[in-house]
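Across the two complexes that follow, subunit A remains constant while its partner is subunit B and subsequently subunit C.
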Partner chain A sequence: MHSDADSNPSPLLAVDNLTLRFSSASGNVVDGVSFSVSPGETLCIVGESGCGKSVTALSLMGLLPMPPAQITAGSAMFDGKDLLRMPRREMAAIRGNRMAMIFQEPMTSLNPAYRIGDQIAEVVLRHRPVTRKQARARALEMLDRVKIPAAVKRLDDYPHQLSGGMRQRVMIAMALANDPALLIADEPTTALDVTIQAQILQLIRTLQEETGTALIMITHDLGVVAEVGDRVAVMYAGRIVEQGSVDDVFIDPQHPYTLGLMSSIPSLSKREGRLTTIPGMVPTVDTMPPGCRFAPRCPFAGAECKAAVPPLTDLSPGHAAACIRAPLEAEAHFDGAVA
Partner chain B sequence: MSAVTTSEKTVDRPLPPRAPYILETRDLVRHFAADGSLFGDKAVVRAVDGVTLGVRRGETLSIVGESGCGKSTLARLLVRLIKPTSGGILYQGRDISALSEREMRALRRDLQFVFQDPFSSLNPRMTVGAIIEEPMRVHRIGTRAERRRRVRELLARVGLRPEFADRYPHEFSGGQRQRIGIARALASGPTVLIGDEPVSALDVSIQAQVINLLEDLKEEFDLTLILIAHDLAVIRHMSDRVAVMYLGEIVELADTDALYDRPHHPYTQALMRAIPVPSPHARDMVAELTGDVPSPLAPPSGCRFHTRCPHATELCAQKKPHLEASGDNRFVACHHWRSVADSAAGLSEEPARPANAAHRLALYRAWTKKQGQNPATQSPTDQAPTVPSEE
Partner chain C sequence: MLSYILRRLAIAIPTLILVSMFIFTLQKILPGDPALALAGEERDAAALEFIREKYKLNDPIYEQYLAWAGGALKGDLGISLRTNQPVTELIGQKLPVTIQLAVMAIIIAFIIGIPMGVLSAVKKGTVFDYIANIVALSGLSIPNFWLGIMLILLVSVNLGWLPASGYVSPFIDPLRSLETMIMPAFVLGTALAATLMRHTRSAMLGVLRADYVRTARSKGLGETVVVIKHAFRNALLPIVTMTALLFGELLAGAVLTEQIFTIPGFGKLIVDAVFTRDYAVVQGVVLCTAVGYLLINLVADIVYFLLNPRMRSVL
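And then the complex of A and B:
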């Protein structure tokens, strides 16, 4: 089996074989997922709806209701402790403190009834031995750092008085208020316009350089991956199908699902003819195929693919794919079709 | 079995000759009353504020802009789902801006709409068959049996099984529902199809399927397509011409390649710079615009973009630039386009794919095509409907 250990000597977070199911479904929603993140590093987890990327993040934060969710195997070591087996109280002490998360929809993750200054101050008060006044000063400092104009005046605003981009800045201010070692961002710019997305991504990058926070960026957008990621894990139907440095995965993509995603995106620079798509749909948790979960949609699949789960195997140091056909051109049979 | 015929003729679509306008707007304005302060005057949202635009028969024209720029309002005005405050809308030369609801009803046969959200635009209490049949029933097209047959043909044409006519919308995934919405829009035999962000709610792989479907249908049914979208890559792929909107006005209108290769308006340039390109060797994304789009309740004076424009001068704050021809069938509303245009050539360029990536993508393409031609393999969504698992 693939291990991240060699490429990542001292990870901040090391997830190993995370396996998770919901009591209502027969299959695993997350099935044997392993990855790690080092201080200052950005890992992107990319995949489409239902691939398990958000559920993975929520389980690390202890935010999945259990039941119905149930972790059946794996570990997630953070600061020498397993997040998956942590008592509720201990998790609450870490969350928002050593580890924080920002979500896609800032309107629903901010409390509409409280002023934003108070919401940020509360996060500080909860984890730090400070006075109210100090916490409020910290809130102001954070609003400045996320470049909210006229921050002093904004402290007393309610969330609805801010634009979507500003709300996302407030979420980031709140998440970073206690200098977390790890920040998880779940599609933080998906609901925003491109020009605002560019501002927020640039802000996240700047703050990360300043603080050395490790970042897990969950996204569906390969453009965002190329822009902010150091390493990337491509997820499909609950499993990581390819993992490596962003350069490796873009320069030398191996898994047919990665190729399918790349060829589904129209090019900004010219029309390249008809788009090549991935036929069919993502399987649901109740209809997970045996063996490789991508096999029913994969043009290269054969009987062997459906017989056993392909292990995530290193093809070069730090670059792994879960496909028994990789590298594709090694099989002359496939290569013949191009001409 | 349904079969999705993948016609290859749309591969590299030549620009259509300058066909006559099928749909035109003349100084079109739509204001909405906003909740004013308790004692003050009613505030007015200037959603669409003086748009003059012609859509040529057979072309795909895209309207692009950020939230609140008025693009969805413009789309709804074009098919008269809402009435303009002032200005004209001409369909095949006839002014339809003041037609009564009854007079409009006949025209709706020609002008059809595909909505963004496939979850809220289909009546959950109607079967898929009834949803697709409804436009034919309203327009008294065919006998009952003929309509039923047409429903099954349309379902097959959009890549769904004809038996799905008896099922309800909730049984389908987002991509399948969007196909149902498209089948419904085609049922009355329209000439113009307007899509308001028809693929933006879909995952990339499903989005690509629906893009291909729309392109095939456009060819097959001889449609004029108007797309409202915010994804500049999707727009480049699908459009012949593009109109860029900002705060209720068109700021640039050009042929697609010209617009992307050399955007003239500073706002178009900023939009392109902001796009993260899916390649680690591409230019870095640049957040050139600071702040948010100003409120359409109180648009800035002069050029509405001057408050965020890196090239703005005093003139821009005082004098409103009009949409003027800037050669090559292009129109731009900027006082400074002559000096600004050159600063942004090649913004949309992506570096060539690295050799390994290019080779494997070619393999993927070749084998996907091969599988698609094999009649034994399934057509795209030809599988039992499932309750979609949304994250």
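And then the complex of A and C:
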């Protein structure tokens, strides 16, 4: 479908100005979010909990309950069609097929009443003209690929017989069973033990390389971004505040919030002093400040920051930040904000 | 599986012993002398003494209990003081009638209550949900006897479609049996449907929010498959428990409905026995009801066990 991807990488998914709200709240939960993902690429969306990153992902999958959620503007072009305006039936034909998703809670994301082999085979049967036997063979193949030991025996296990890490492997097997062009992973390692986290990340990366699927990785963990990301979009209070290649953003962060996030990572080299935190709290949907939503917590903020929403502006090719102070001076850091 | 059933049965035995002791002593404490009831107009002391002697009413209570319990173990629940028929025979006649009524009522409750509950959970907050809830509340509020009388007036008296009362065994004439039982079963069933609908609705609301239902949607499955296969399957467990409770209630609780439709069932047997102080019958009937309850709950446990893979591996 994207045979010209190598010469001219046209995006697989292009989200433009996605804006959505919940009927109970006065403000937008996601406010004018735009990003794109090319075939085979990994985009990380990073931000604190409540910044709208999961809601963004769910809205792309058509999994947000509407109402109460309501998409008020924007488009999300995937395979040349707008996901946000797609009839229910057409959307269902894409879900689990051309695009798939894995979730944060492996413990509760599998149906406790059915064998895992059947749960994987179900998604194959849904989207492919195969027999039950073929679907089961595919399920077995997928369990092997996500490195579940003794896969033949595990096929007939129920979810409660597996550990959290194993269940997340099953979720990955299920999501990749139909070779999707796009995989959305919503904090896939957050609920797991640290040692298992690394294994699962490694597995996702390996499988992505093997299959060439594009990946949107949603996380609050900059470590995960550094591990798997090609590009990163930093979200704050429903908006993307900075976007660029992982290298650019890590080496030269241009939004004060990104800077704050970086300073919050404990580092081995700077052992002296206290851990830096960003003062204040993420505003709730009902208390969104006018202008830049980060301004109340920003050490660089001035009156003009509260006047108007700063647009996401390109600073260098592929690197953009939504701050009127950008580009920040080279020596800018977050010291003024030590809690 | 078999060991599980045996274990459940083992737990049931002490329960049964306790229940039997309880009903036996309770009855002795209650006011009213069966000898007096039996003697009728004869208040002659010698006659009363003869009756007491004949029915061993003068023996110490534990001896009376042991004699009765021993008999019960052998399938002998004594003889009705009033009709001189063996109690087991009386129960054998009346119980199938009530079981038929209960089964038909449960089927009607299922047909109405479960789809309504599922739909109103899926369509939560819509007009359908509100109407279904109002109907359910009305079902719970309308007394059975009133609905029964109204149905008789409408369907039997005015329209003449169905017989107002009577009973025919399904083994003699199945169609006629259905005709006589459908109205009382409907009266009982609609009341249960309301309860069942409310429980189904809340169970469904719980599972529809579950992560695995979101997973099912993310697989691109159709809404019907998501609701029935992934959600309802997991909502079944509380529904099974509820059904067992309702069925148990029906065994003893169809009294009023049986009276209105003059069905010679279990409920009528209990009421008549209590009014005439027919000890042996009351004890037999209550014991039989207790056994029925335990059996139904055992069946519910087995169904639960079959439905829930987590339980299967624990055992």
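Going forward, the second predicted complex is superposed on the first by the 316 of 339 C-alpha atoms of A that agree within 3 Å, B and C clash if a C-alpha of one lies under 4 Å from a C-alpha of the other, contacts with A are read in each partner's own complex, and residues count from 1 in each chain.
By our rule, a contact is a pair of C-beta atoms (placed from the backbone, for glycine too) under 8 Å apart; a residue touches a chain by one contact, two chains touch by 3 or more.
Given the structure is predicted, the values throughout are model-derived calculations rather than measurements.
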item: Joint occupancy of subunit A by subunit B and subunit C, clash or fit; value: fit
item: Touched partner set for A:Asp221, first subunit B, second subunit C, both or neither; value: first
item: Partner chain in contact with A:Ala100 - subunit B first, subunit C second, else both or neither; value: second
item: Contacts of A:Ile251 with subunit B and subunit C, given as first, second, both or neither; value: first
item: Touching partner for A:Leu315 - first (subunit B), second (subunit C), both, neither; value: neither
item: Subunit B versus subunit C as contact partner of A:Gly50, first or second or both or neither; value: first
item: Apex subunit A: angle to the C-alpha centres of subunit B and subunit C, given in degrees as a multiple of 10; value: 80
item: Which partner, subunit B or subunit C, touches more subunit A residues; value: B
item: First (subunit B), second (subunit C), both or neither touched by A:Ala92; value: second
item: Minimum Cα separation, subunit C to subunit B, after superposition on A (Å); value: 6
item: Overlapping contact positions on subunit A, where the subunit C interface meets the subunit B interface; value: none
item: In the complex, subunit C residues that touch subunit A; value: 210-212, 214-222, 230, 233-234, 307-310, 313
item: Subunit A residues touching subunit C - in the complex, by the definition given at the top; value: 61, 63, 92-97, 100-101, 103, 105, 108-113, 122-123, 126-127, 158, 160-161, 171, 174-175
item: For the subunit B and subunit A complex, residues of the former touching the latter; value: 6, 8, 10-13, 66-67, 173-176, 203-209, 211-212, 215, 230, 232-234, 236-238, 257, 260, 270-280, 282, 284-293, 348-350, 354, 356-357, 359-372, 377-381, 383, 386-391
item: Interface residues, subunit A side, partner subunit B - complex; value: 48-51, 53-55, 149, 163-166, 193-199, 201-202, 220-227, 246-247, 250-254, 256, 259-271, 273-282, 284-285, 287, 299-300, 327-329, 334-335, 337-338
